[in-house]
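Note that the chains are named A, B, C, D, E and F in the order they appear, and that numbering of residues resets to 1 at the start of each chain.
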């Protein structure tokens, strides 16, 4: 008879890393669905491409590094990365954009640091920024939301558009970008930025068709869907409430201040909270456990920092949506935040207290 | 102690003197050449905008600074005047588009006194590389489109990007930059037309080193 | 003419600066800092000479004078890391090809020992005790495992044996526990 | 009113040097110490303090030398020579004084002082000040801002590298290579600040 | 002769100022967006390195210790200014595009580092060789990085060679591939850092492969070690 | 705001950070009566079953022992004896697999029971008349060590001189499965309360707090009833949460106090005892019933009849399991202790000891193996669960990187190895395992640095000595040369002035040589002294840093051994000097040593002769009465060692005491307080061992000769 040797504890609760990642992916689904409805099926094609690329890239690197491939592929972290990147880029960006982005995320930002858990930066967001500054044209190809689309695309069209930049019917992306009124439609955030830069007031800007609804057509619903998914994650105790709350708090406070000071030059807090990638960022991106702060106090600082940066860059910076930059900048600060927010260990005096 | 100090001091001074000697002599040798190079480089830009200008040195000297922030983007812009046989053939204006995507776009525009654009170049800008930077001559020919276009106050609709119904193409995904450039050039051309006294202002630019 | 002014200006400037530095060199003189001591404290004090110096202290002096920090195999990566930190340089991989092996101590097979005392002379830390012409023995606790005594022994009766594992020293290596069959 | 205008101008200058045109990540100045002394947080903090001190002092000194010695005498070609002389002397003098007067301070930043002479950022600040024709206050502020920007990224980078030290980085990338890539990603993040301060 | 070999090996590979010592990084990253810039700055640095090494080595015995550094930097600054003046006079375009990095050769840590570490301790000839080899090592890194970034970032090689060599050289410009979508990242600061990181990693992995091969052929035992297991 | 004491009296409970709620599974055994086991065929009683040093053996192989008879003696404060669990014969005193995760062999008494259960005479104490000293001695002599897990000698905790505010009785039993204390409380609440009474008499606390988890209603009722007469005994049901039974956690739970890091609860006026310990105390004092048995929970799905068993110490686990109907699976895990903190057994012959509260033989579905270890995703679940408010993911990170400084910064030493973090980790990382390895490495490294310091001192001393010898030789050579020159000059009949000069020179050389030699010797002494002081200072520093450890008796511990060490070291230095001088002379017999080569040769010959003689006979004598053959260095060494040995016995005792404590407790730098004795001891031991080996060899040769 032989005996098994193991080290204590001999008992584990059974929520595994891969199931956590699966939950995250699951919680994304409402958001993805709304995105697909409002902005076309391109997002699904992008998703497919991203996931395949992510798996391939991960597998190749693991094989080169002589590590077990299967356990690491099935932890599904690459899947989440791919998913979050795919929903961040314009749905009809050419196929090589998402391929380059995902490969960069997995290879450079994740695996070069040693793989899951070792990376300092959020892979999806680093890849997004890379794509944004490398291929600004493709990365600003947002189509008009469904109610405003002059031409609606079938799922098949989506494939054609992503791979050839023309719909199967032969419309170019530039044509597709034109709304029903023949005017190219940018995202509401971009529009606000552009119009303010052009010297319009917000009231003037809001008359445009993109701004129907609380925060622009479609975007409000997208954000709402991600909010719902995020609340599910909190309820499942997969993410802690601290980061999203702090982030939204930071963004809300600053934008409220700005709005109260000059409501015609600064969009309302609600607009900020429900535009662009705010909710996605708050619940899915800023909460990436690997690159976020891990201490309770640190998470609050980290969230507020992102919120503030988002507002500052959206308002004063050169980019319409600032989530990716803000997250990366905050990632940079995480080691320092973590270091200075260590909790007081049992039996030790609090740092700085003269007890 | 004094000895030690003076030894140090003298050593350092000696090295300094040797170095200065070397550099001073080299400076004397190269000074004319450098001055010439500098002049040439300044002329090169002017010449690009106004290829026909022959005696560019005179052009460089015949320069006045004007304060018209409304029309030329900021105050203290230089206006060079190209004259041949005492006839004023063209102005070269520094102008600035204040409403670029990420900041000011500095331009040099050559305009004939009757408001026809003879040439234009972007001198500096902060537009997004790959998107807004197609206004550079290095990146595309777009900026040369303006040569030969005339501008009158009545032309306002024509002087716009095609998206706004004008005759200048914007580039994909970036309308703001072209819009800003078009407007700036238009304003500069109008400014020349509405300010004939420009020709008479004394040359008062300090020569940039 | 400008050359003259240049010479004068910079010459005087340099003269002043030189004087300033010369003065402060005397005025603010400080004795050398005890770097060697600090380095020596980091070295493992095995005194094995594998670094190419006769003992740790000479190597410490050499490091202070700019030698590489990666020459001490017994110290291993940890020592290199600490030295790198102290000296403010990048840590380098260990120089020697082999990693430091598991800890060993010398053991004299006493019935073969002829008592020639060669090992005593070789031992850098006086960890060998014995009577001349009789047997010698190694005080296991004082032996640093440098193996310097192995070579001089004319009858090859010194072995380097792994330090025995005791419950206190035991390292919770699960692989090391034999999985036994019990009837 | 004018005061407010000045204050905002100063603030913008500071933001621009610290964040938008960060010396290390955007302008590529002072990279050697950025790479060299970022291994440990404590050393990075020491280096930051030393650099801040020297950088501010050096930009002041070089401003003085430039506008009261070189410019009047028309010796502009001696700029590099005289600036670096000033910097080297300032640095060495500071080091000696600190070494003697405050051993604790010396332990904190003494060993970094000699390194600063060869920090491009110092000479860079002096030259950029001259190029941008900053006045006295702006020169000092620019030097200070550059130093703060340098310190900020140095300290962040050091904390990051401490975490990196324990990461399971593939062997060829261990050490300098992954540090470079990290710096690259940091610089990627810093691109987010571009356009924050519009050139006036 | 073997010192020449050793010095070359050190400068070009083992102790390469850019890849190993991580010195002179600012110009290395700052001016490598085109190959032409890289060559220009590399050559300038090479000249300064050789010159300053020779002069430092010549005066090394006369220099009082506490003003050593000021003297060295002055020597270096002189060389740099000489080159600056010459470039200004004869390759004005390049002078402009190298910008501030030209005077910054003075503080290129690699140069003062060599002056301190080698030239101030060795006679003239080896110092000159050391300077040359280090300079060439540095130049090579500049070249590789410059080529990498230029190809990726704008699809060309030797863009703007005329700035360095005169108008005839614009013929040198090679369009490696043409595409509307260049990988802009390569031209921007992040690209410089990442490219450099990749180069260092490449060198490391070559070294490691070499070391592994060496270990196999040479065996590892360096010292007689008797390690029986008695008892 | 009521005072803390009022709050405690009023029954306020506090909370501690973290904690987990694993399924408890106690009902399997808690409602069943305690099983009584038949006598096993063999009992394996380890010498040492507590933290500390084992006592001196009192019995010999083959001896008949009575039930309760002491097998070892408690000759030292950190020692508690072990007793024979039943009457029978000592079959052997040998090595046997230890109940320790390492499963390394340790010394045991193997006892064959005779089935008669004959007790030794028993003398119960009258608690009313007995004084404290007597009670404490009785507790110690009865072999009582903490039964809550750590096995710390109870008499030390009970004999504390510091004022005690609260005696906390740990009846929490928070680990899943275990119900041994529960069963005991149901069975014998009054005895437990008597135990509390005894400790109250010893410690005189303001209040007694009995912490017990809410899911043990019967035990709570029983204890409440038993305590009803005593108004300062408070039974405090606490919420079910693991690890509320941890000492520090329970203190925080019941009193809202924290034990400062590196200190003992005693420092904040608290003493905690497990209920089992109190029961044992009552039995020992009132019945003179030493600790020879305990209740062990034997449970798990592979058992037909899981139950609490009253087991004799020394009972092999195999017997216990088969008593409960063990049906092993092919790949069976058998855990000694609970599922959270217990360790697996590699073999079932391991005996039950004083700290064994549970034997768990789960089926594979019941407690499945941990899955493959994935990468830490820094989710922070571990930090949320850690009762010590540590950052386990950070500790993991630095444990992997072997960054010991950082581990210290992140307070690895405050980890109580409760396993809560590993329980919640989604990546199934065996966190505790990493910490244990890291802790072992840190300990090892501390030992190494200590050793390195000693090695350095010795190396320097040796260098100084070699240098001195070289100087001396040089001086001699010079002198000889001068003499030769003189002779030559004399024969050559040079002028007198030169001759005189030469003489003066020679003389000078001589005196220089002499003085310098003396100086060097003195300097060497000085250096050694400095080295020792250096070490001592370091030790002192380390000691003050960790004052917590030594505070029980700080002065004697930190002072005594040092003095002894200095004295010993001086003695050793002298002995060594003599020894090495003789080695030099006798072994190489070099001419420069003596001026007259002939004389030297004679001396060498004598030495050789004596050495030969020594080789044949003196080995046996050495340890009893060293023959005054002063040339023999080994003898000198032996003599010195023996001389030292006595002078230092006290010191070594201290040292080993501390060593024993370190085994349990992380901060090893403790032993810095007595570095010299630690390195002194082995020397003595080595010589002794060598002699023993020589003896054995001689005996072997002899017997061979006799046979042959």
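In the analysis below, a residue touches a chain if its C-beta (ideal position, glycine included) is under 8 Å from a C-beta of that chain, and two chains touch if they have at least 3 such contacts.
Computed from a predicted model, the values in this text were never measured in an experiment.
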If every step must land on a chain the current one touches, say how few steps get you from chain A to chain D. 1
Of the pairs B-E and A-F, which shows more C-beta pairs in contact? A-F
What chain lies farthest away from chain E once each centre is taken as the mean of the Cα atoms? F
Provide the C-alpha centroid distance between chain D and chain E, rounded to the nearest whole angstrom. 22
If you average the Cα atoms of chain A and of chain B to get two centres, how far apart are those centres in Å? 42
Centre to centre, by mean C-alpha position, how many angstrom separate chain C and chain D? 38
In chain F, residues with contacts to at least two other chains: 101, 346-348, 433, 436
Among all residues of chain E, which ones touch two or more of the remaining chains? 22, 64, 66-67, 70, 74, 77-78, 81, 85, 184, 188, 190, 194
Per-residue overlap in chain B, given as positions that touch at least 2 other chains: 7-8, 11-12, 15-16, 19-20, 23, 27, 102, 129-130
Show me the residue ranges of chain C that touch chain F in the complex, using the header's touch definition. 40, 43-47, 55-57, 78, 110-111, 115-117, 120, 124-127, 129-135, 137-142, 144, 165-174, 177-180, 182
For chain F, which residues are in contact with chain C within the complex? 98, 100-104, 106, 318, 346-349, 402, 433, 436-437, 440-441, 443-445, 448, 451-456, 458-463, 576, 579, 583, 586-588, 608, 611-612, 614-615, 632-635, 637, 659, 662-663, 678-679, 681-683, 686-687, 689-690, 693-694, 697
So in the complex, which bits of chain A are touching chain B? 133-137, 140-141, 174, 183-184, 194, 197-199, 318
If we count contacts the way the header does, which residues on chain D are in touch with chain C in the complex? 37, 39-40, 43, 65, 69, 73-75, 78, 81-82, 85-86, 89, 92-93, 96-97, 99-101, 111, 175-176
For the complex, which residues does chain D have touching chain B? 76-78, 81, 85, 194-195, 198-199
